[in-house]
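In order of appearance the chains are A, B, C, D and E, and numbering begins at 1 in each one.
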Amino acid sequence: MINEVPIILFVPIVAGILAWVLDVKGVRELIGLAGAVIPVAYLIKVYPTVADGKSITYALTLGSFNMSFTLNTMTWYFAIIGAVLGLTMALGMVSTAKSGYNWLFALMSFTAVLGVFTAQDFVSFFLFWELMTFASFMMVLKYNRHASLKYFILSVIGAYAMLLGIALVYARTGALDFATISQVFAKDAQLTGLSGMGYHATLTFSRTDMILLFTFFLTAFGVKAGAFPLHVWAPDAYSETDQSYTTFFSGVLSKAGVYGIFYVLLMMMGAKLYFSLGTFHGHPLFLYIIAWIGAITVVVASFLAVLQEDLRKLLAYSSVGQVGYILLAIGTGTALGFSGALFHVLSHAIFKGLFWLVTAAVILRTGKTRFEDFGGLAEKMPITFAMGLVAVLSLAGIPPMAGFASKWLIYEAAIQAHMPLVAGAIFLGSALAFAYVVRFLYSLWFGQRPSDLDDVKEAPAPLLVGMGILGILNIVFGIAPGLVVEYINKLFRKPVITGNYYKMITPNGTYNALSVTLVLIAGIVIAGLLYVYGARARKVPVTDTYQSGNPVTEEYNLSIRRNFYRPLAEALDFWLKYSWDRFYERLGQLSEDFADVLRKSVYNGNVQSYSWYLAIVLLILALWGVL
Amino acid sequence: MNFDVRLVLEVIGMLLYATFMGFIFMGIERKAMARIQRRVGPPIYQPIIDTLKLLGKKESISHGFIYDFGPIFALGASITALLFLPLANFQLFSSNADLIVVAYLLEVPMLGIMLGAMSSGNPYSALGVQRGLLTMVAMQLPYGLAIIAIVQHFGTFKLGEIVALQQVHGWSILVPALLLAMIVFDIVFQAMIGLEPFDIITAPAEISMGPMLEYGGKQAAILFTQHAVQLFAETAFFAILFLGGASNLLELLIKQIAVLFIAIFVASIYPRFTIDQAAKFFWKWPTIIGIIAVLLTV
Amino acid sequence: MADLEVPKELREEAKGHDMYLHPIDKNTYELFFGPQHMATENFSVILKMDGNRIEKAIVNPGFLHRGFEKLAEGRPYFTNIALLLRICVPESDVPENIYSMAVDEIVGWEVPDRAQWIRTTVLEMARMSAWMFWILGFGNEIGLYTAGQWAAAYRERFMRLFEELTGGRVYHIYTVPGGVRRDIPGDKWLRQLRDTVEYLKGKLKDFDEILFDNYITIERTEGVGVMDKKFALRHAVTGPNLRAVGVPYDVRKDDPYYFYPELDFEVPVLKEGDSLARVLVRRYEMEQDLYILEQLLDMGPPSGPYMVQDPRLKALPRFKPPKGDAYAHVESTKGDFGAYVVSDGTHKPYRVHVRGPSQSHGVTVLEELLKGARLADVPVILKTLDNCPPDIDR
Amino acid sequence: MSEKKNDDFISYELQEFKLFEPLFRWARKKSLWIVAFCTGCGGIEMPPLATARYDFERFGIMPNPAPRMGDLFLITGYVTPKTLKRIIITYELMQDPKYIMIHGSCPINGGVYWDSYNVVKQFDKYLPVDVAIAGCMPRAEAVMDGIMEIMRKIEDGTADSWKRYRENYEYYRKNQDELFGEGWREKEARRWLAWI
Amino acid sequence: MDMNEKPKVEEKVENTEETKPELPETKEGRLVKEILGEAPYAEGNVRRERRVEFKVPPERIREFLETAQKKFEMLIQITVVDWLKEGEFEVIYQLWSVSESVHAAVRTRIPREDPRLPTVMDIWPVAETYEREGHEFFGVMYEGNPRLGPFILEPREYEKHPFRKDFNMLGYVKGIYGEDFDRYDESKTNYVI
């Protein structure tokens, strides 16, 4: 019964435990790296099988629960993204992780995420989901207690919501494995559809049930994905941890929420939700809600990202915003939208992963995180800068980068689905993305360099390798988006987007990445010829600059280090008065006693109490099932 | 993509034509402004002389690699945007990319200029960058809404098809909803080509040319060329979306110049906004009109 | 002097305020605004910026300092006219007049009516051309080049009239102690002046449409650089800037000179004290100035000599006024422009002290108003204060 | 800062355009961008020159705030030492070929201010000059004439102040340092640190 | 010749003192009377319509200006006159009353060596500029003004305090800019500029 699946699943956690136990510098890095490479290797090995539409299943019996894990076309896609990001995370951690603790929990969350992606029943799904939360929580806890608490509370809310949802499903169907539940929902959906035509039947799930289920699961997955207004944990948690780990945390863990929405809400109960909740202006209502949540997430998070003063916070808000794009694409409810969402899952993972690796390298080398402390690093860390530039181009959606290909699909999907205002949100979001990546570029890499950064060195080799992998992927999937699109077509078992490796053709639009690349290169060559013809450039120092004719020295501050986008903040001052973060904090203060109790008993960050909590939850679940 | 001699010739011809006409447009802009200001104004080919002079500077400075790369990238991106437009009877590469791609490509040069300006390390340039990006943020919402209205009305993203449909059913602006979209787009257009009231990016009296400040010599020549190409591409984009495209270059030229003159007239009677006022302005009326336009075309 | 070129006491003072100890404050950055800048014309403001807001502004004048007051002490009384008028370049008749008035008072000359009429007319013409120049500057700085170009073209009409009257375009060297240097060229000149006034009256409406009623002009200036009445008085704000905070102080009314007591005109007053109020006060004053010129032309130049009849004027270079001192001031477009002249009985003045309105507008007031303003407001505040750098530097 | 920079600037080898040099020379003549720095009272004659009555834009002349793009530096009137420092800094930001025209009698020999302690008497001791217009103040027509003279000199290649500045840099540098003292750039720059 | 100036002014002042009750019954006269009532240490008279003047001892100048500020809202200038022969600086605070439309010159005299005066910045903030200027050109120390130092001038000229009568301008100019100009003729009195 041992096939590739358990190896892929459990090698990371085993490696993590080994690294933790043998906490020796050098050894733990090797073990950790091995633990991250093996899943990738095995996932690549099973690609032919999966690509043929076959699936590889592995079942495990734990007490009275049967847990099964499957690698099929769908799950492999998410798993490989997770694994590649996990590999780059491991590469980054070779340089940044200082103890076995980091390796243990990082690799634990690696396993957990793979488990979530491959789980085929609610028990294993929930178990691995909680393992994932736990591991990432422990990673944050080590760095910042307040951030981890915020993350924890919202995760617990999500976990409860999911538990209630699962319980409801179990109570109605008596099954916990996805296959059975899917069948029940499909049948129920048919009946609901028929009942609309006057045919009366007993439904397994009433309309109220479906509204409850939708709310529960949306909350559960929304928390993990960081959807508005449940995103408040994300900026703190993403920034207050090992930045190499954030590569994985923001690149993949947030995708677990997306995966949940995609798998549970859409593939499992989508039809039923559609029939039960009805439509709004021709759009399925539940998708319409998701789309708007996505759109609001994009706009709010991007605006906040623009106004951040901390490098990690900026990227964290940006991650939240990019997940908003994915939700929005799912919300369009068309095959094109789903393709866009799936593609964006990939491209966001690779460009945001790259961003976080660059950040990890910068923070490792400078020890600073706020924008005002940086400047002029491009000369000191040229390769890191080049990789950062690739990430910037990709995130800003400059053709021909992976980020553009996926965004383009989302644009097309949103406009074709006749959701004009939602599409307007993407336009706004993309301009905001431009704005915040420029902030990242300007403050870190350009301008005047503070004197304490004069002896900064280039990033260490493992980090550079990790960046290299993601950078190349960004460019490859950008120039040949067909590689991804072809695979996504297999998921839908029909060609949603036609074309070849370089060309994507949707029903109403085309995008030929290769021709854009070639023309762009040609244009740059033409411009370069002009440049070469002119006089040879003489390098001048940064103080040899226009200051209305006045002489300046290095003692003057020539860079805008703080409040770069202050005019925007002023234009938005009315809206910035309201903050969900502060709202939650105030809510917390209102229920001070309650919070005290929670803090004392549950949320003290103690491993034992957390396990106790898990055990109790499982017990309740089991009892409910028995009842 | 097979090697196609005719296509290559068309591309080279179009590039030369667009650059030349772009310079002439800049000249028209200066000349018309001068006439409105009751002056004689420079000869219409003056921008070409200016660019030649800048290219002929015997000295050149650099603040680093990106400082040089920024303008080059901007010009390259402008050329790319141009070649993906269906210009009159020349389709060029336009079958390879659609409206969204072109709309994006038209913004890429901005990033190039900003890259270069940022790396010069001058605070005035940095303020220019700040203003440029915020103008873009501000104008993007109405701009997007205008484009969405177009797409929803015609049901296609392909510029070629949009032009063809307009040839059959009449210009876009004959449709009331698209007329609203055109008004929105025209306001945005003012910001796209950097004229008052949205010449906030260069604002000579405030930040002394902003991003262009540290550039001189050949880099400035490249930036001027980029502006010419960009001006041509943007006016053509306007004509394609709202004025029914064109069947030959002369028709296109007439439409482009019409678009340009509207921009010049608006520019010569309005002062400059500050950046936060511009943001508030864009998010008020143009956005409201844009939303009405898209809702009318759903 | 030590490296930092600030006196020792000040260095101590600065240390007390932690000024030297932290040369780079990472939260702010420095912008040198001027002198090589479109908006400042030979004047420099050093701005400490936070984002796009100004945290602190330091005025750095002195690019135009020539030591006029010292130079005047070395030149005879009449020669000084050719020197002092260079203090206020756009409105060079004002220094001529204040100096001449002060010397007139010391000597005790009663300036003939005709000369007084001419002086009044010249001052009003200078005001009008300075207004046109101000529109040019203001238009250029808020980006409305059209209005500025038109205004500069209208100014040329006055330049031509000045040229015919005095022989100079910018520097007229026309008003001298005791009268004026030459008579009016003839009735043709008066007719031309009347035509110009009529022409400009019609053109003011154009400016209303394009500049003063423009939505964006109002948006740019409203609520920018607000002063209140108390602040303005304590900072010796004068001229249109003071009238924009609600104080109806106009030298032409409150300390009348020349023909002004006989003329009927209003002093426009607004209460808001922001840049918009300052712009609008100037707009109303243009109208009043045209009205004054019209009245002067209706009145016609009184007959009589254009210069006092005094035997001492035969040997001009050796002309010696009696001992004494006098303060004279006139209303310029910038504000209250005054000169204090001390004579010790020799043929050179003992001390000439010129009070330029920009001395207060351009230093303390500007520094205060710039605090917390946006960078885009700097040109607007500079121009609505109508800061004239040579006033400060002299 | 200044020492190192100026060495660079002297050792830098200027580009020679062999084939297109006549074209560029024509372009230089037809497109003179003025650095927007009105240094004295002559600045008041700039607006009339730029506007309807004289309109120098007919000849491609245009004020430009960015010194890096400028070609022509108009010294419009007397120069005080404080201004001269800024003029030198701005002039060194400009890129070759660049031209200087002095305007009015004051920069030539001090003019009215011949005995003033704060006015530079001979401008061409500190920076090279192409064309000088006498008069106080020169009429707009005279300025136009001066600019035409510069155009003529560009055409026949005698407008070579930028070459002279490179060749005689030691001389100019010596005079500048004599007037302002050694290391004046740093001193001037640091002066404001106390107040900022 | 200059010698005569000071006695003349004093004479005038004495005259006013003698004719103190004879202050004209105009608004100027009433104004002067009112202020002198509050500040008896000062001497005041009316020069002509809308021109009044006061003479105040330097140690009480601040006190007097505080009193005067109630009537004279604006400080329009601080003039310093260097009376070299007497070895004194005459500092003239020129005030303007917006409500009454009267100009007042408040005169005080301080020694040329170690000239010190209290600042009036807190009464009229604009005095900061005037005092900086007076300090720069004449070397008067206004105690309490934090910004005295090179303001308009460059430090080299600032140290010389060039408006003082004993500053040899021609010699200074020759020293800095060379002597090769024939116009440097100190004996010349007939200039055509």
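Please note the rule applied: a residue touches a chain if its C-beta (ideal position, glycine included) is under 8 Å from a C-beta of that chain, and two chains touch if they have at least 3 such contacts.
Note that the coordinates shown come from a computational prediction; the quantities given were computed from them, not determined experimentally.
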* **Number of steps on the shortest touching-chain route linking chain B and chain C** => 1
* Quickly list, by label, the chains bordering both chain A and chain C. => B, D
* Which chain, with its centre taken as the mean C-alpha position, is closest to the global C-alpha centre? -> B
* Structure fact -> Of D-E and A-B, the pair joined by more C-beta contact pairs is A-B
* To do: Return the chain whose centre of C-alpha atoms lies at maximal distance from the corresponding centre of chain A.
  => E
* To do: Could you put a whole-Å number on the gap between the CA centroids of chain B and chain E?
  => 61
* Asked: So how far apart, in whole Å, are chain A and chain D when each is placed at the average of its C-alpha atoms?
  -> 57
* Structure fact -> Averaging C-alpha coordinates per chain, one finds the centres of chain B and chain D separated by a number of Å equal to 35
* Can you give the whole-Å distance between the Cα centres of chain C and chain E? -> 23
* Which residue numbers or ranges of chain E touch two or more of the other chains? -> 150, 153-154, 162, 169, 193
* Which parts of chain A, given as residue numbers and ranges, touch two or more other chains? -> 534-536, 538-540, 544, 546-550, 552, 555-556, 558-560, 564-565, 567
* **Touching two or more other chains - residues of chain C** => 5-6, 10, 23, 29-31, 35-38, 49, 52, 62, 65, 67, 70, 74, 82-83, 149-150, 153, 374
* Structure fact -> Chains touch one another in the pairs A-B, A-C, A-D, B-C, B-D, C-D, C-E, D-E
* chain D residues touching chain A - in the complex, by the definition given at the top -> 1-2, 4-5, 8-9, 12-15, 37, 66-68, 85-87, 89-90, 93, 185-186, 188-190, 193, 196
* Asked: Which residues of chain C touch chain E in the complex?
  -> 1, 5-7, 9-10, 13, 61-62, 65, 67, 69-70, 74-76, 79, 82-83, 233-236, 238, 247, 249, 254-255, 317, 323, 327, 329, 336, 338, 340, 342, 344-347, 350-351, 353, 355, 359-360, 363-365, 368, 392-393
* **Contact set on chain C toward chain B in their complex** => 29-31, 37-39, 49, 52, 139-146, 149-150, 153, 210, 214, 216-217, 219-220, 374-379
* Of chain D, residues touching chain E in the complex -> 81-82, 109-110, 112, 114-118, 120-122, 179, 181, 191
* **chain D contact footprint on chain E (complex, rising order)** => 150, 153-154, 156-157, 160, 162, 169-170, 172-173, 176-178, 181, 183-184, 193
